[in-house]
């Protein structure tokens, strides 16, 4: 087993990314899909920070990750508000049932 | 630097082990006589109606939402606060703009009543229900209690 | 901590055969155990103290009289045995889990609450050298790790599947998140003045006597900040007059309603450990931490390293006493007043303090 | 194996197992708890990469903020009986196949690429550097972030409030 380096972090990130993607494509419930998106963003952040440590040794990657976290917070807030509105309209948050566009 | 972060991590593990050990000791010492009455959900002696996993007031969500936005703001301001002494006026003006923009959000939530919780109406009982009650028992109706404003 | 390990390695042949990381690991485990035990003992002492304080303030009889029959110990009096008896009683009590509850989450919730508080103790400065981990983001770390308690409270409330628990958990979570904002903002005020988030830097910036403490700087802005921090931490710990989540008359015992035996005790361990943590946190930020109030008055006698832990613990206990005093003096707030205090009073004043201190420093 | 590697594997396994719990659990609250532990483990990974400030940010924003928000979101959007607190899954088998394929592709890419790896230096505190960068060359994103947060606050509060009236 080789010493932990860039590759280990990238593989971990890839694993978390596909798990997040799996949640997004297979779950019915909108809140769980949102959780999957958060996991994907975290996987991307691991990549940013790993590159900022091992490849480009200044803090660009970390700063990018900081802005990603902030955008994720804003996105989660708005997305949950939308989910609550869908629930109010349809009495369900299952995405396969939310197929009407008319208000 | 890693050592600095190892300490809290190990503290978490030790704290968990500490609780687990105590729970185990407690488990060995305690009597275990479960009965239907004991393991019923507590509802002041009544038999519980329905599950408690019910829907909640939307206000909880709105308050948490405002919290998340301001939490992010604090995270952004901490690095600024660390370097504030070195940077001076320029950084101060930037942050004043930053905070002012977010204060607009707070003012909006304030104005729209998102920060209000349902207020109990003081004096409602004395005004509406009490006179009728007094009348029923044949007592003299009293003046409503002076409303207390806080 | 590194200095201590290196000193040990250079001093003794026995220690020098181990690597530095291994020694650090052992130290952390020992200190973790120490703090977990201290938290437990703290809870016992503080429960005793709370009973005494309440007994004196409200002229109660019970806590003053409970005693053992052993003649020598009986002489001590003052109801010293009651808390000890409580501790044994809680260990011996049956742990009842309701059938309707979610057993796994019901078990996890107290772990989260307790572990978060103990982890925060790792960065607390008990002296210049007496700090387990003098992290460069210390203050921020405390803010971050204590936010776990929101999750613990929601999970405890939800897992019990009881209406009182759930309502108590929700209220508690809303209260904690509301008061975390003013708390974080006043921490900013201090970080601005010091230019560092390391606890020891913050404490050293206040050395040289009582007048250099942050409370008395930038008068009255820092005093306002201290009051905001005190009220916000009081509310985050769910202490009276902000103890709505466990308002006995309406919610039985809040999120702890369905907990019994030792699991219930863990909530109380966490609460009292949290009070002590708040005491140390506030005294490090505002009241000079481990520095003495006398400065060079007695030839610097009270500034010797041996006094440092005594000073900070004295200050922390004084703050804990203040919290108890408030509990037995003030009535409980209503929910709408609670939200009003946080968002419409404390948060705007915290912003005023930030702007004011910033302008003052620049002018 | 040294302590760094050991800690990495602890956090990596922790993150993957809890992410798996999030994906495969049917109970919504368990999903949220899985996400919680995955995010906390990722914070540990950040520390191992020398990102101290970001690790604390991760705990503060994700654990204290977003997970709490998600928990409230779950509790606000379930039906009254508690039975509905479950989430169904669709097309699990094709989903698994796509995910496995994508994972293999990513791993292949990771090992095929010649990364220009530098020898990582000593880990230094990052906060003051982040503060200086935000105040100088990242000034515009910093101010735009405040507008983004303002818009998110107003928009989300407006949409959530519609239910009340």
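Lettered A, B, C and D in written order, each chain numbered from 1.
Keep in mind that, in the parts below, contacts are C-beta pairs under 8 Å (C-beta built on N, C-alpha and C of every residue); 3 or more make two chains touch, one makes a residue touch a chain.
Bear in mind the structure is a predicted one, so any value in this text is a computation, not a measurement.
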Which of A-B and B-C has more C-beta pairs touching across its chains: B-C
Separation of mean Cα positions, subunit B and subunit A [Å, integer]: 27
Gap in Å, rounded to a whole number, between the CA centres of subunit C and subunit A: 34
Centroid distance [mean C-alpha coordinates] between subunit C and subunit B, Å: 18
Gap in Å, rounded to a whole number, between the CA centres of subunit D and subunit B: 24
Touching two or more other chains - residue numbers and ranges from subunit B: 1, 5-6, 9, 51, 53, 56, 58, 60-61, 64-69, 71-72, 74-76, 78, 81-83, 86
Set of subunit D residues in contact with two or more other chains: 2, 4, 50, 52-53, 57, 60-61, 64-66, 68-69, 72-73, 75-76, 82, 125, 127, 130, 134, 145, 149, 152-153, 156-157, 160, 163
Residues within subunit C bordering two or more other chains: 21, 25, 135-136, 140-141, 143, 145, 158, 161, 170, 173, 177, 180, 197
Pairs of chains satisfying the touch condition: A-B, A-D, B-C, B-D, C-D
Touching residues on subunit C, where the partner in the complex is subunit D: 21, 25, 102, 105, 108, 135-137, 140-141, 143-145, 147-148, 150-151, 154-155, 158, 161, 170, 173, 177, 180, 197
Subunit A residues within the subunit B interface of the complex: 69-70, 73-74, 76-77, 80-81, 84
Interfacial residue positions of subunit B with respect to subunit D in the complex: 1-2, 5-6, 9, 50-51, 53-56, 58, 60-62, 64-69, 71-76, 78-83, 86-87, 90-91, 94, 97-98, 101-102, 104-105, 108-109, 112, 114
Of subunit D, residues touching subunit C in the complex: 2-3, 29, 33, 36, 52-53, 56-57, 59-60, 63-65, 67-68, 71-72, 75, 82, 125, 127
Residues of subunit D defined as touching subunit B within the complex: 4, 7, 44, 47-48, 50, 52-53, 55, 57, 60-61, 64-66, 68-69, 72-73, 75-76, 78, 80-82, 85, 123-125, 127-128, 130-132, 134-135, 139, 142-143, 145-147, 149-150, 152-154, 156-157, 160-161, 163-164
